[in-house]
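The next block holds one structure in the form of structure tokens; read it before the comments.
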Amino acid sequence: MDDLAFYIFAAISVGSAFGVVVSQNIVRTALFLLGTLGGVAGLYFLLDANLIAVIQLIVYAGGTLILIVFGIMLTSKSPWAEFKPPKGQIVLAALVGLLMFIGITSLTLSGDVNWAARATKTPLATSPKVAEAGEALLTTYLVPFEVASVLLLVVMIGAAYLAKTEK
Amino acid sequence: MASITLPWVQRDTEKLSNYRERAIRLLAIIALAHIPIILGAWLLLDPLSTKPADLQDWKVLLVPPLCLGSIGGMLLFAGAAFAIYAYELIGRVLSAPWVAFVIFIGAIFGIVIGVWLHAEILMTVQRDWMPAKETSVIPVVGIEYDHTVQSIYQNNLAGKSVDFPLIGAISIDTPILAYLMFPLQFPLIRDLVGVGGIIGFISLIPGFGIWWERKVAGRIQSRMGPMRAGGWHGWAQSAADGIKLAFKEDYVPPGGDGLLFRLAPYITFIPPICAFIALPFATAWVFRDLDVALIFILAMLGIEVMGVILAGWASNNKWSVYGAMREACQMVSYEIPMGMALLIPVMTAGSLSLTGIAEAQSGGFWTWFVFVNPWCFLAFFLYYVASLASCKRAPFDLPESESELVAGFLTEYSGFRWSMFFFGEYVAMYVVCGLAAILFLGGWMSPFPASSAEWFIAQANIENGMLQTLVKSLLAANPIWFILKATFLFFVQLWIRWTLPRIRIDQVLYACVQVLLPATMVVLLCNTVWTLGVSENGLNLGWLIALDGIINKILAAAGLLTLLGIVGIAAYGYRNNKKLVGWLAVDQLPGK
Amino acid sequence: MADVILESQPDINADLSSDQIQQQDLQTEEMLVNMGPQHPATHGVLRVVLRTDGEMVLEAVPHIGYLHRCAEKIGETVAPYQYIPYTDRMDYLAGMNNNLAFAQAVEKLTGLEAEITERTKLIRIVFAELNRIASHLVSFGTYGLDLGAFTPFLYAFREREYILDLFESACGARLTYSYITVGGVTDDLPERFVDITREFLDYFEPKVHEYNLLLSHNHIFIKRTANVGVITAQEALDYGLSGPVLRGSGVNFDLRKQPGSGYEDFDFNVPVGQGEKGKVGDCWDRYIVRVSEMLESVKIIRQALDKLDGTEGQETLHKKGKTLKLPADEIYYEIENPRGQLGFFVRGNGSAIPDRVKARGPSFCNLCVTEKVCQDVLLGDVAAIIGSIDVVMGEVDR
Amino acid sequence: MAPEEIAEILKETFGASITDTEFETAHPRVVVTADAWPEVAAFLRDDERLQLNFLRSISAVDYLEDDKFAAVYDLASYRPGKTDSDAWALTNAVAVQVWTDRSDPHIPSVAHVWRAADWHEREAYDLMGVIFDNHPDSVEGLNGFHPRRILCPDDWEGHPLQKDYAFPMEYHGIPAVTELNQTRPIH
């Protein structure tokens, strides 16, 4: 049952990622982005990493995505504008994409990793409790946690400052 | 006077009647077609008298659908034919008020008992029938299952009885129980049955919610609300609306984005239902007891925004774009105070899983988190206001505000798609009220402490056993308390909607960013300090604990008083309705 | 000025395909939005073209004429007593007051006014004031609806039902009465009319305080209306506003208080906007002036009913009303309509048919201020402002 | 202040441009020439004896027989009471009539004096055809600028209230008559 679910979620993520790249209508790209983020969250659930999956849903699917759509809608010339990249850029992008794809696949396949052994998922005794994640954040990884929050604070102040002058 | 038929309405009676004849004939034929299937199945599979030896696994899988399913199909179609045949009789019976009342109350209790029974069966199956994990693979479907039919069949044949809590121990000689139990061993089918229970309850919410909102609105506006559909107080109004909407014209605005227009209702409608996965009705009654249940529900309510934005965008109508933009900024900004306000009970209870939080409030209504300390009391109101905004209700219903934006993002929607949006909105409302009930009002914990059952039985000196168990189970923690509390909060949302006007979009954002957010942060901070001070392994300040006890008593008394006040005012209003509204003798006007 | 920007907008009547129109008028940074003839907040077929930038409305240009029936042209073809039903359809929420204005204008022109009996005058005042209460109830209810509160609308219409029943018992109609005609009143009062009206007034008076509790002093309502759409006294006079809109801006002017209006021997006071909740002349002031005017009308009706007891038996309809000859002269006469000063300019040419009839609709004059007030406001405020000016399109377009 | 005294004051200040006065009627009015009308209007409003600060209405009347249009301006002065609690008084209500001939009906606009005149003048032009020059909301027409129409559609020909107005037989393909032999719409 689990591998069936894995294939479904993987298909959703890759498919909508492709959709994000290809589609020209702004809100369709946003919808495909929602599909990608949802698919990845599904994969996290399969891996029993509930906390990360839920945070992924809240922060990305619930927050960032809507801010992106909101930003595009307000700043674009008109809500019904379309992306029409010139032909040259499309070819270039496709080329770079192909190169990246070849690089990754060749790297994974050539390595001496024994994929069969990796495939059997060893079920964790119990799914990691959120409490442990919380404690880890505030004890062992306190410094990176604080640095990240300071960085976010600075970003927020900068954004507010930029928005104010532009008005 | 006799009802006159207007001349230009050609009502050729015979054309109408043979529609009915043809319908009855068709249904009868289908019903009869079932009989050969039944005969063939019972002869071929012969479930009752088969010897244990030659019972291969896959034939057992066919017994439930073919033998039982076909009988059910035949009865269904025969019943439909009878209903069309004797529709006057049924109409007369249905219009009697008490029949409608019985159906209405029967439906509610039916679903509650059904869900309760299926939870018991699942637990029994888990406990009695799957002691050891013998795994073998089913040839057809390729799913491994942890018990062979033979072992079930042997247990059943060996007379090992299955004790059901209500019915007591049963031992049946024929393997009919094995056939019924067999599918339940697969986790997938158990989940499907669980989902069936949830969908049953969820479909009841909008049906009941929409009808109740129109009745409450009527009462507040000194009128009756729906009275005709289905007899007693228009109980079938939502069903009638649902059927009507399903047959409305399927209009998609030209120029808009057809795909997104059709997709938007589902993105608004599915997440609130998914939120019910993690919402516990009672200790065992939860589809998946996630330890991140709280954040999962918040995440689901966050995704709902995307559907509204798509709807506003794809309707190719300037007003809808306005509605979508308002929705985006309102929902995103109100998620933060709502999430923060939820942290406060989590902190007081010390655990993130909803069942844990509810367990911590099990000592009678004064231990509910609303009354535990002043900061949780404030947090309840902060959360409730933020939840009003997050499901677009009452003073914050700007995205589909009728007077300015015509209907906001819903302008171009009609028919079934429109009702999907409303389905999603009412389910989201109930999720939010359910969350508030669990976190602040002690979910399925009864207001009376555990010991009160014996005290009550002693006082009323009930001897007979059955009644005692009934009283014990009613007073103890059970889902009915959760449904009562959530429905009361649902009622308060309706009450607010029909009294308060709508606030402007800049006031919505001002309220969120400059009022609600700072207030939630302050309450969060004070609550941390307070819980630290009160808890033993924390600072354990004596005076603070005493103060905490006093405040708890005061708040509990205040809560009780408000409840009694509401009930008192309602009773007063009901008794002298004439004096309040004022009966006017205009009807005796000479001209009338 | 305002219209120069609109010039660049393509001719709306040109039959471009819909997406062409979309592309053309969307080039500008802002959006041109049609708060079109069909819109819940425009109280009838008024179209306001809003030039908006996001949520902020930069400029609002009202377009009227969707309900124009050219009633003034018909006035030149029918005799005055036949024109009364047309006056009903102008301000269809205050039919009695419209009939009264036209009837009194013609009576003053032909000198028939001296022969109107005391009882007719009192009946006319009772019905005019009852219709003022009914019209203010509608405006109170729809204003709550504009701001999202549904319940006041139902209460207001429950009370208005009783008034319409009273009218129906007197003249058989509920909206377009044609009860007050040239020369008096078409029919005398039904027998128990006076005490039933007293009963209604006793029932109605406490209800207004209930409305104040429900809506007027509701914090959200105040937040939505105080300091919104402020019109100073000088601007109100300059734009020719009248009625509750003028009094809301602090101008204590009511035609009923002027000499010769027929209300001399009634004592009632005129509520004026004092800026309790915000600046003088904001939407809340105009709203509260209308609500308190209802209480004043109740006082007037009570005094009129007491005076009526003594005037049984006087005949209420003058025979010459139908066979009037209009002198070769003209007159302009105004009375205090619930929405403002309704004036009729009637010019006769010796025959029974008037030469020119012009109606000065108060809503027509009050509406022209929206262009100035609805600048740099939010979308939600446009509905609040138009609601507070309380426009009836029948009177604007005539 | 009675209309006669107002006429005296106007005659002193403007002399010739006040051509006629009429007081024995139910509608006492002063006749002013078209080209002097804006200054008279400004004077009527600003002079502290008169202070006619409220324009009640503008009625355009069609005198077909002597080939003239008349625009009748009804003015009034609203004076505040002594304390702000007692009522404002309506004093010196007077009407001003301005004649203009039918062939070339031009009257200078007074919208800059009273803002209320803006819509009244547009309606007078729309229904009667009296052209008010340099009106704030004017539009380029066939022969020079005229106020924008307010009630009829912008491309409507003719002015309905004129006595010699011929009903159009159709507007944008919408027929005005339904029966075949009908020459003018029966209304």
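Letters are used for the chains, namely A, B, C and D, taken in the order the chains are written, and counting of residues starts over at 1 for each.
As a working rule, contacts are C-beta pairs under 8 Å (C-beta built on N, C-alpha and C of every residue); 3 or more make two chains touch, one makes a residue touch a chain.
Here the structure is a predicted model, which means the values were calculated and not measured.
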Shared chain contacts [chain A and chain C, defined touch]: B
Chain pair showing more contacts of the two, C-D and A-B: C-D
Distance from the mean Cα position of chain D to that of chain C, given in whole angstrom: 23
Roughly how many whole angstrom separate the Cα centroids of chain A and chain B? 33
Distance-wise, how many Å sit between the C-alpha centres of chain B and chain D, to the nearest whole number? 67
At which residue positions does chain B touch at least two other chains? 325
List, in ascending order, every residue of chain D touching at least 2 other chains. none
Shared-contact residues (touching 2 or more other chains) in chain C: 22, 54
Contacts from chain C onto chain D in the complex sit at residues 1-3, 13, 64-65, 68, 70, 72-74, 108-109, 235, 237-240, 250-255, 257-258, 270, 329-332, 334, 341, 343, 345, 347, 355-356, 358, 360, 364-365, 367-368, 372, 397-398
Report the residues of chain D in contact with chain C in the complex, numbered from low to high. 25-27, 53-57, 59-62, 72, 74, 78, 80-81, 84-90, 95, 114-116, 118-120, 123, 127, 136-137, 139, 148-153, 155, 160-161, 172, 187
Where on chain C does chain B make contact in their complex? 18-19, 22, 31, 33-34, 39-41, 54-55, 144-151, 154-155, 158, 162, 165-166, 168-170, 172, 190-193, 196, 199-200, 203, 206-207, 214-215, 218, 220-221, 223-224, 378-383
Which residues of chain B touch chain C once you look at their complex with the stated criterion? 217, 220-223, 254-255, 318-319, 322, 325-326, 395, 397-398, 401-406, 498-507, 582, 584-586, 588-592
In the complex with chain B, residue positions of chain A that touch it: 1, 25, 27-28, 30-31, 34, 38, 50-51, 54-55, 57-58, 61-63, 65-67, 69-70, 73-74, 79, 127, 129-131
